[in-house]
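The letters A, B and C name the chains in turn, as written, and every chain counts its residues from 1.
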Amino acid sequence: MAEQVTPSSLAGIAGSQPRKSPGTIPLGTGLEARNVHAWFGKNHVLSDISLDFASGTVTALIGPSGCGKSTFIRTLNRMHEFIPTAAMAGEVLLDGKDVYAPGTDVTKIRLKIGMVFQKPNPFPSMSIGENVLAGLKLAQLKQSNKDDLLEECLVRAGLWNEVKDRLDAHGGSLSGGQQQRLCIARSLAVRPQVLLMDEPCSALDPGSTLRIEETIRELSETMTIVIVTHNMQQAARISDYTSFFLADGGPGVMVEVGPTSEIFSRPKDQRTENYVTGRFG
Amino acid sequence: MAITERQASSPIPTPREITTQPRRSDQFFRSIVFLGGLSSLVILSAIALFLGIRGFEIITREGLKFITGYEWYSSINADGLSGDQPSVYGIGAMLIGTIITALIAVVIGVPIAVATALFLNFYAPNFLKGFLVSVVDLMAAFPSILFGLWGLNVLMPSAEYWAKLLHKYFSFVPLFEVSAPVFTRSPFVAGVVLAIMIIPIVTSVAREVFSQTPLDRIQAAYALGATKWSMIRAVVLPFGSSGVVGGAMLGLGRAMGETVAVFTVLNIVFQANFQILLGAGGNVASLIILKFGEASAEEIKALMAAGLILFILTLVVNMIADLIVNRSGRQGR
Amino acid sequence: MTITTPKPTKPWRATPKAMVPNFIAGLSVILGTWFLIEFTGLAGKLGAFLAASALAIVTLSLAAGIQRGGQAAKNVAVGTFVAIGAITAMFPVVSILGTVFVRGIRGIYVGFFTNDMSLASVNDPLDKGGILHAIIGTLLLILFAMLISVPLGILTALYLTEIKGPGSRLIRFLVQAMSGVPSIVAGLFIYSAFISGTGRGFSGFMGSLALSILMLPTVARTAEEVLLLIPADLREAGLALGATQWRTVAMVVVPAAKSGLITAVILGVARIAGETAPLLFTTGGGDAVNGNPFDGVMGSIPFAIWKALIAGSEESNARAWASIFILLVIVLALFFSARRLGKRRV
């Protein structure tokens, strides 16, 4: 990070956000990781992560590069298993049911747990409108009023006003930030309960980043959001809870989790304090 | 608080079984794609199988003489009339011809192709580069009958002139002797046509491996005061040499299997001719074309056997070449 | 204080003075070539080229050597040699294109496209007969070869890039090896498997079968390269939306690679459009228009050229050049359309 961050300033940002108590909106019982481990081949990359994501909250995962944050969120919607050598242990519960249980339909899991990637990746062969509704086509969902859904998703992603006159334009004609919001809109169209975001702003300029952060705050009213970020100010600005991951030679572990304001103002663990005060990482 | 924290003190568990039960549509999709993916395996085995079955009788009857024998005589002609001598089938002379013409092609074609590749990658100015690459690629798309027609009508006179010149000044080399002053339609001419035909593939393989030379090594060589040539010799050639060898072998394989162009320019004669400037020779592929039209059922079987030998020969050469090229591509070195 | 802006210069460019030795070298190449042609056994355009090449290498490297020493001389010698090699490689292309154009255009007239050879012999003058049957035959042969090899080739590419199943490396290797199968072997194989001893005769479809063996590896390899260029992100985005793999491939990956896949097909067609050897064993090479690929002998442009070529008369030779002109136009059209499409990759 370029600018000097003091813990008090981060705590200030974190404290200034309106916080809601979890569970005020009935959205299912949320997502729960229990004793999750992950391997690539023989390489044990993630050890014993247990973390609950309550409905309607934003949880930020922070930590230095290579600590397993991205691997962790990819275990949550079973994208982890695309790497041929990947293995995992533990359970991931969605509404109390293990997503790794034998006989589970993986595609249904991914419908309920959407994902936004690091780099914006609109489908190149489709227009803006087609991109938003791509999920319906891909997952063969029935939708009676597509125009309404299209507008709703773009409004929620904060993109409607910018693109409403050119829905037939190519997705690639948008700016990087707009493309990322288009990808968010695309994820919303299949109405997921949970949205995983893997450093969604790392390829964007500060202005676009702020727009996306606003979008995330608005979305958290109606869904559970898990966001991996390297930007601690971002974590402080948008999240209700923050979890600090660290890999110190061995597999990545979760050092600490708590309400965001606490993590940034009075962390329990010395390592967390070192990280959020910028002493390392 | 909804979020609970558990201490990472438990022993490391064993990875759990991830059971991905794809949907029926995906299982169907995967099996279709798998079947399609098998097509190359199926076709290659079917080629070996069918040519083997049809040629089996002749190969077992002639034994090793099928490969080493120089004589090709069918006592039963297409009309079913039987001659007085027993049939003999040997493709030795044609095999030698195949190898000689292909080697001439490699000896002439590969240096030109490597020079072209070096020029395109390291010397050519940008405006010329794109154009020349197109021209070389275009050459690869020319049909082989075009090379045959051109070789016969246009190349033959100048190739004959060069052959005479070679003979005049180098006839002390046994290769350039001729027992009769017939210089047209010689293995040399066929080799020149084949050389032109393999230039595109060898050039593109060489260009590919040269372009994979790590840029930092090239710049390191320049930073040490290397000229362009000493850089190429110190960095590019060691890096790309095995790829060039592989490319040359790919060219060899192509040249050995070429049919129409060789048949058109070569005077097919059943003898092992090592005098490359003399107008007599052959290769296995042109033998098959020559004899196919008026062959009896038995001779057809012999031609199938010859086809099988040609298939195995080119397949082996190609596989070795691919192995070399792939290895040179993958090695970081 | 006045600030003077210096004029931008390129000090690494050669100055006119430094060009003088090269100019002298060039002049001596021209003079020397003339001398060698006039007074030695070298003759003809190729002789002049050889003499000029040798002299250019010697004089240019001498000029560099005198100015900058041995290393520079070697450098220039190799540079010149390499350039000459490239020029040599261009010779046949120029000669082939020129000859086909000059000799081919003479035999082209309207009737050439509207007549077949059923009432004419290859030795008749060019105003009798044409290649209508061959054009129709070639189109049908290509069409049916495409119907077989495009699905198989693209499925093979999908297996290598999307499924990455067991044996991917073996299959990639076999596809490479298959692209080196001599075309005559493909023809012989179809003959031995489907014609010989079965009572079936020659037909266009048999020719298409043989051609599809040659086309498949081209399609598969090019399609694989194209599919590998599609970023993994897109596949993951599709899957993360809850799509099955099948729908992700069909609706995201393949549409994204569309123009590249079309290029693969065009390159495959260009590969087989002029193939002659396999057709000699499979199609029979008819002289009349035959619209049914499953029954009866079928002509094709390469086969028509072949017939004219082996007849050996002056008329038949002119006929061969005219036919190959048409064939070359088709191949060039395919080649350049593949190029244009190939540049527009995603």
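Going forward, a contact is a pair of C-beta atoms (placed from the backbone, for glycine too) under 8 Å apart; a residue touches a chain by one contact, two chains touch by 3 or more.
Bear in mind the structure is a predicted one, so any value in this text is a computation, not a measurement.
When you average the Cα atoms of each chain and compare centres, the chain farthest from chain A turns out to be B.
Chain C has the Cα centre that lies closest to the mean of all protein Cα atoms in view. Put simply, the C-alpha centre of chain A and that of chain C have 50 angstrom between them. Each chain gets a centre from the mean of its Cα atoms; for chain B and chain C, those two points are 15 Å apart.
Multi-chain contact residues of chain A, defined as those touching 2 or more other chains: 107. For chain B, the set of residues that touch two or more other chains comprises 22-23.
For chain C, the set of residues touching two or more other chains reads 244, 247.
Against chain A, the residues of chain B that register as touching in their complex are 1-6, 8, 10, 12-16, 18-23.
Note for the complex: chain A touches chain B at residues 22-23, 30, 35, 37, 39, 44, 47-48, 50-54, 57, 59, 78, 81, 87-90, 100, 102-107, 241, 253-254, 256-259. Taken in their complex, chain C has these residues touching chain B: 41, 43-46, 71-72, 74-75, 77-79, 81-86, 88-90, 92-93, 95-96, 99-100, 151-152, 154-156, 158-160, 162-163, 165, 170-171, 173-186, 188-189, 192-193, 196, 213, 216-217, 220, 244-247, 249, 270-271, 273-277, 280-281, 302, 305-306, 309, 317, 320-321, 324, 327-328, 331-332, 334-335, 339. Contacts from chain A toward chain C in the complex involve residues 77, 79, 82, 84, 107-112, 114-115, 117, 119, 121, 123-126, 134-135, 137-140, 183, 186-187, 190. Every residue of chain C that touches chain A in the complex is listed here, in rising order: 164, 231, 233-234, 236-244, 247-248, 251-252, 255-256, 258, 346.
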